[in-house]
Amino acid sequence: MSPLNFTHTLTQAVDELSKDSSYQSVFHQHVDGNPLPSTQALREVVELSRAIIFPGYYGHSAVNSCTVSYHIGVNVEQLFTLLTDQVVAGLCFSGKDRCSCYATPQRERAAEIAAAFISYLPELRRLLATDVAAAYTGDPAAQSQGEVIFCYPSVRAIVNYRIAHQLLLLGVPLIPRIITEMAHSETGIDIHPGATIGEYFCIDHGTGVVIGQTCIIGNHVKLYQGVTLGAKSFPLDRNGQPIKGIPRHPILEDHVIVYSNATILGRITIGQGAVVGGNIWVTQDIPAGGRVVQSRAKK
Amino acid sequence: MSPLNFTHTLTQAVDELSKDSSYQSVFHQHVDGNPLPSTQALREVVELSRAIIFPGYYGHSAVNSCTVSYHIGVNVEQLFTLLTDQVVAGLCFSGKDRCSCYATPQRERAAEIAAAFISYLPELRRLLATDVAAAYTGDPAAQSQGEVIFCYPSVRAIVNYRIAHQLLLLGVPLIPRIITEMAHSETGIDIHPGATIGEYFCIDHGTGVVIGQTCIIGNHVKLYQGVTLGAKSFPLDRNGQPIKGIPRHPILEDHVIVYSNATILGRITIGQGAVVGGNIWVTQDIPAGGRVVQSRAKK
Amino acid sequence: MSPLNFTHTLTQAVDELSKDSSYQSVFHQHVDGNPLPSTQALREVVELSRAIIFPGYYGHSAVNSCTVSYHIGVNVEQLFTLLTDQVVAGLCFSGKDRCSCYATPQRERAAEIAAAFISYLPELRRLLATDVAAAYTGDPAAQSQGEVIFCYPSVRAIVNYRIAHQLLLLGVPLIPRIITEMAHSETGIDIHPGATIGEYFCIDHGTGVVIGQTCIIGNHVKLYQGVTLGAKSFPLDRNGQPIKGIPRHPILEDHVIVYSNATILGRITIGQGAVVGGNIWVTQDIPAGGRVVQSRAKK
Amino acid sequence: MSPLNFTHTLTQAVDELSKDSSYQSVFHQHVDGNPLPSTQALREVVELSRAIIFPGYYGHSAVNSCTVSYHIGVNVEQLFTLLTDQVVAGLCFSGKDRCSCYATPQRERAAEIAAAFISYLPELRRLLATDVAAAYTGDPAAQSQGEVIFCYPSVRAIVNYRIAHQLLLLGVPLIPRIITEMAHSETGIDIHPGATIGEYFCIDHGTGVVIGQTCIIGNHVKLYQGVTLGAKSFPLDRNGQPIKGIPRHPILEDHVIVYSNATILGRITIGQGAVVGGNIWVTQDIPAGGRVVQSRAKK
Amino acid sequence: MSPLNFTHTLTQAVDELSKDSSYQSVFHQHVDGNPLPSTQALREVVELSRAIIFPGYYGHSAVNSCTVSYHIGVNVEQLFTLLTDQVVAGLCFSGKDRCSCYATPQRERAAEIAAAFISYLPELRRLLATDVAAAYTGDPAAQSQGEVIFCYPSVRAIVNYRIAHQLLLLGVPLIPRIITEMAHSETGIDIHPGATIGEYFCIDHGTGVVIGQTCIIGNHVKLYQGVTLGAKSFPLDRNGQPIKGIPRHPILEDHVIVYSNATILGRITIGQGAVVGGNIWVTQDIPAGGRVVQSRAKK
Amino acid sequence: MSPLNFTHTLTQAVDELSKDSSYQSVFHQHVDGNPLPSTQALREVVELSRAIIFPGYYGHSAVNSCTVSYHIGVNVEQLFTLLTDQVVAGLCFSGKDRCSCYATPQRERAAEIAAAFISYLPELRRLLATDVAAAYTGDPAAQSQGEVIFCYPSVRAIVNYRIAHQLLLLGVPLIPRIITEMAHSETGIDIHPGATIGEYFCIDHGTGVVIGQTCIIGNHVKLYQGVTLGAKSFPLDRNGQPIKGIPRHPILEDHVIVYSNATILGRITIGQGAVVGGNIWVTQDIPAGGRVVQSRAKK
């Protein structure tokens, strides 16, 4: 079918869709002409970070200890360039002033943030090594740490979270959320970049896990698939809009275990070493060492 | 290892796998030689639609209001071409007659459907703007509408659903389901294209949500992750095959909220403004303004 | 921003990240210089297998019965080559000896395994045909077997599982897990390659399903989304490490149905024809024909 | 620099360039909306033909005699499809009637031509084998026939010419010239598809060779680089346009050798076994066995 | 073979090659850290220009007159962006000051140049239409203007030359030469961007043609393959370096024809309507209407 | 057009083309199942070498002196790997024994050759710097050494030649010729890898230049476009095959200049500082300081 017969229909739709009133009134926050973050570039940012942190596992499979610095060097330089551009886009996106994102100060600030992120990479590697160790120790099916790094979706989700969380601390808007949502899409694990998570963190299987923005999670915590650490309700302001930034998600102290599909809601505290059974709904504090399970099923 | 030593094994397997009896008896519905839909092309169909609906967010990041019609024009034309081809493939797939899909009438009908879909794009943009607004208003963690459009998996799932639903209404077989399954894979949200969903629809986090074929959902409804709107059971015909097309999924009226991992089954009605608590199993009507929660957990 | 001003920061980070003490102590199992499996190549392995098993649905859309053997022949040969390489990488990964993976015997063994896998393809096609039939028969929304093959995530997950399971039986390390995790990422269905699963297996919707390493599942079993077949707890050895390989996941006999978000834990047996209701937590045997549901919700 | 400041300049240029009067009056032969040949597709047509003719040298480097039919089969089928489409585009390009190229008869004719071309492939292989043999025998620097097939630009140019010439004989417009111009670009050898060339044809080095439309070249002819077989002058019609199709290029009988940069012009005959020296200008017949060289240079 | 055994050799070579003394002393003009032009981007610049000038022939094969402005609009905008970046790189390359190329004024100037180039496109189209007409009229083998646009290497070379020449007039360094060298590589026609060439310019076959920097060519001039319009000798300055910019190439007046492989050297004038025979060496003026041919060959 | 109607024609052609007698008798030298060199990989070999030799000009445009060793390191390692594989393929190609190319000794030898080539890179850079200097000094149109490196086809041709020549000296079959033919295709300059060429070598414009296998060229030699340094005739052995390896091409001593389209044939010597005029045919020695030009043209 040649498109010619339908040209009138098409050009009419184009005219309607190009009217300012059609798209600008509804999506009014987009400043005309500014660059937007690129999902593709951010994907590379994550891949480069992963290749730097786990040399030999990602990015170039046959690294040896004599030449590893070449590969890390090239990756670090490329990461710096890509991340600087994306941080500029993030800063522009949240900025009010249209001209800002082409000005030198914005780029200078973005480059400082990217350099600070790169300085953080050794600590990031150390932290992720604790997460890998926790996953390996906690899973009888794991054959090796390499298998954990290579295959486990929870490692992928935690890598993205820890990158995103650091960028958030460095003051980058929008980008952190895009990075955690990438992992969400790949793993079904949804960790908000604002959450605070300790060492030796482990999620088994992981699909359906939700960890909210103001969660605080200690060390050696383990979650199973389908666990929600969510908000119970949230106060609205005078305009009926939710008030931003209020602590509204749970605190999990060290060594807590939460079994599959449990839902923990609100700013409650699950005490050190507590165990939360599967498929239950928790809205009140659980003391240290406590244990809750579902009421018995009906046969 | 050269493949030569194993040539006999390989050619034997090829012979066995190429026998008609091996593949035609089991997959007998595929009409020999007809084109099949292309997942790659349908992915582009969705990306083009998204670029047209959210100019500046997808497809070309630096659109300005003077040149936006160029970009929308090119995208609309390409969408028309790609969609026409895919609709032809969909029509052929479900057709009985082998020759049909190369005949002019089939292509003519496909082009009409594609043009009708393009005429629907302005309305689709309006509807999706309500969904974006609902997500932004309903999430204290959302920083801007732009962040919602850019990052939220629920927006991605609802875009695909609304495209697919319209194609279904236009009489296109197979394609709508492929489009919603793409979003299912990316977001863990499984909305059947046959479901009917009102304005200002919002899914928080989303992984594990299932919305069945005959669901009817009103305006301003909000679902959390892991919610199932499913069928309880379904009658079989005389051959033991399920009878197609019987209404068997829930009706959710306006302003209903369903919390995480709740399961609502069967052709029941959840009345206006009702709230369904998390991790529960609902198989009976809930009146307007009603509220159900899980029985207390056992400590 | 030119990267020049930050060169010192970058080179310092590179030096720190390239130190042996930084990465080798933590990720010590990776033998220097050996090849690692390639996710990209394994993705092609799965796609080629799928194209061979479902001719006309994947890989080349217009196959006809006269030329099908050409396409299957080329695909089988390419599958053999790719799979041999990946099996070598898998064998090296788990090996202790650094030189082993370039030696001829390793490649010879890998080629034998790849050839054995190819000989298994006709049986794999037969098994998958039963799974497709089960999905089609069990879903009133399914329009055709073709739609099931094309769109249903459960088919995708089961294809990957059955490939991975066979490779595991043939003695391949690591690779099987990577293959099932690919499907996990795409579908949210997490089937361990070690599980044993009978014919006519069907998962509806699927997101959030977890099937553990030592599960045994009979014929004609059906699971809904969010179902966990997991371990309750696992014994540790003297070093506090979990003991590998102990049977610790459920046995589901023929014709069992498990509804959405149910969690079944431990080496228990769900008897033939039993029905497990949604959103419940099961840790004890259910007799043949038994039925358990959640206790009533509280209004 | 944001493009915004220059938007007016750009939109003005777009308006001017989009006016019918600007492009339609000058390029008036292009029928609105018809498909045009694709250089990319024609490149694949040539590569597929080469892979079929020289199995193991192009397209798939490790073919063995047991599986070669799989590869040839797949390549032949793909060649048929691609070539049919391109022949349609060629027929439409030269057609007067706008609708013709979507009508079934045009596609039917194109498919017949493509099938006829495929039936010609065995003869094409035989012919090219004589050209390879001639190049190998005639060059002391050639190490093997494989090196000739792999490296010699003359082989590349002659492959394209022989493909193009056959398509021309089958009545395909435009496409043959595109195919020879591809080789012209890659090798600097410009053979018009209309020329008639015998067996065992050989061009050494080749850059700058020109062989005109109405040339007739016998068997065992050898040309060196820079040789022109051109037209001397051509009669004009009453409108001052050159008259098409008049024989105006040289005839070279069997076993002629022409050395580098010689220029032979007009419908003259170079007799059997004649030798033409380098850097000379020939506009008159040379008898069989004749020999001409440049007049002596001046020191 | 693992690279491990050769690590010492490799790292030693890297050390030697990374020494400043090794590469900076010899290639000293490259300012550390500045961007360089991208051949890939310039290739796109040429392709976009070609798509804009010949709508329907390049870039998108099925343009129709209702939607042509969409395509031209998108192409013009993209051309502006790409060209601005490349002009910046060109300006930096020739600049002395390292910081200059990140400063706003450089980008502003580049954008002005790019906009000026875009304003020139309608005139460029008009000029090229005369070249296409000359090629079509002058070649009895040409079937249509479309064939000329599509297939003739001379059109490709002249397009690149005319783009490059205009960029040179606009003050862009380096880039013009890269653009003409692209065409040189593809066609064997080497036109220096500094040459001045009138309307209705035509090169037949073209391989081996060289047109020097200070050539002046009138209207309706025709060259055949292998023609050189070169310099005879050039004066050196006191340091023995050639003096730049002195007129040293021929002037060809209107309606001159030069046959294949003729070499015309020095600042001489070939008068209006003169004909230069093939394979000769001309270093003195030829009067209007004159005719020179090679001395007779020796049999 | 569905391919179905023509299936018989296609399968018949496939059968004929797959017969051993059709392709094995004519192309008998190809050992069944051995790998062949990959043009794509060799293209990368050349690009990596170029990026290492001219840091900042090729491969990564913003290298600075602090990070240059990272880039060179990564490129050297990758070059080693790619080159080793290609050398193996080259050795197998010329080998008689089918099994040889999978044996460890072949790979070991290939790796030694690749390492030796890498050790040669610093010397290669030094040599090429003299060629760049010669081109810059000798061309009044050259604006900078950077322009010469970036744009001049002669540099491209000489880079490939010098790489190929060194590989030939290291005993690699086939590959060197493929590498020089790549440059031949891109530049129209055909230098046989066996030729011996001194420092400060320069080719102006270059299209059509041919330099034969046994040429010996001194330092500071300059050639113009279209120059042939060829063989006059070559003795045949008893079977009528040309005898390989006999010196049969010219010797050019230091500071020789050869103008465009001159043809110099046979094992003659052009003495130091001699000048050969354009478009002439030279088959006898020219003494040092000599000068020959074409006999005067006829008006």
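By letter and in written order, the chains are A, B, C, D, E and F; residue numbering begins at 1 in each of them.
We take it that a contact is a pair of C-beta atoms (placed from the backbone, for glycine too) under 8 Å apart; a residue touches a chain by one contact, two chains touch by 3 or more.
Because the structure is predicted, anything quoted here is derived from the model rather than measured.
The chain pair from C-F, A-E or D-E that repeats the A-B interface, sharing more than half of its contact pairs by residue number, is D-E.
Two copies of one sequence, subunit A and subunit F, touch each other mainly through matching residues, since over half of the numbers at the interface are common to both. Centres computed as Cα averages put subunit A at a distance of 56 Å from subunit D. Centre to centre, using the average C-alpha position, subunit C and subunit D are separated by 52 Å. Subunit A and subunit C, compared by their mean Cα positions, are separated by 25 Å.
Those residues of subunit B in touch with two or more other chains are numbered 1-4, 10-11, 14, 32-33, 62, 64, 67, 69-70, 72-73, 77, 81, 102, 188, 207-208, 226, 261, 277, 279-280, 293-296. Interface of subunit C with subunit A (complex): residues 1, 3, 5-6, 9-18, 20, 22-24, 26-30, 32-38, 93-94, 173-174, 177-178, 181, 184-185, 188, 190, 192, 194, 207-208, 210, 212-213, 226, 228, 230-231, 234, 240-246, 248, 261-263, 265, 277, 279-282, 290-296.
Of all residues in subunit E, those touching subunit A in their complex are 2-4, 7, 10-11, 14, 62, 64, 66-67, 70, 102, 104. Only residues 52, 54-57, 61-62, 64-65, 68-69, 72-73, 76-77, 80-81, 84, 107-108, 110-112, 114-115, 118-119, 121-122, 125-126, 129, 132, 137-141, 143-147, 149-153, 186-188, 205, 207-208, 224-226, 259-261, 277-280, 293-299 of subunit F touch subunit E when the two sit together in their complex.
By the touch rule above, subunit D contacts subunit C in their complex via residues 62, 67, 69-74, 77, 81.
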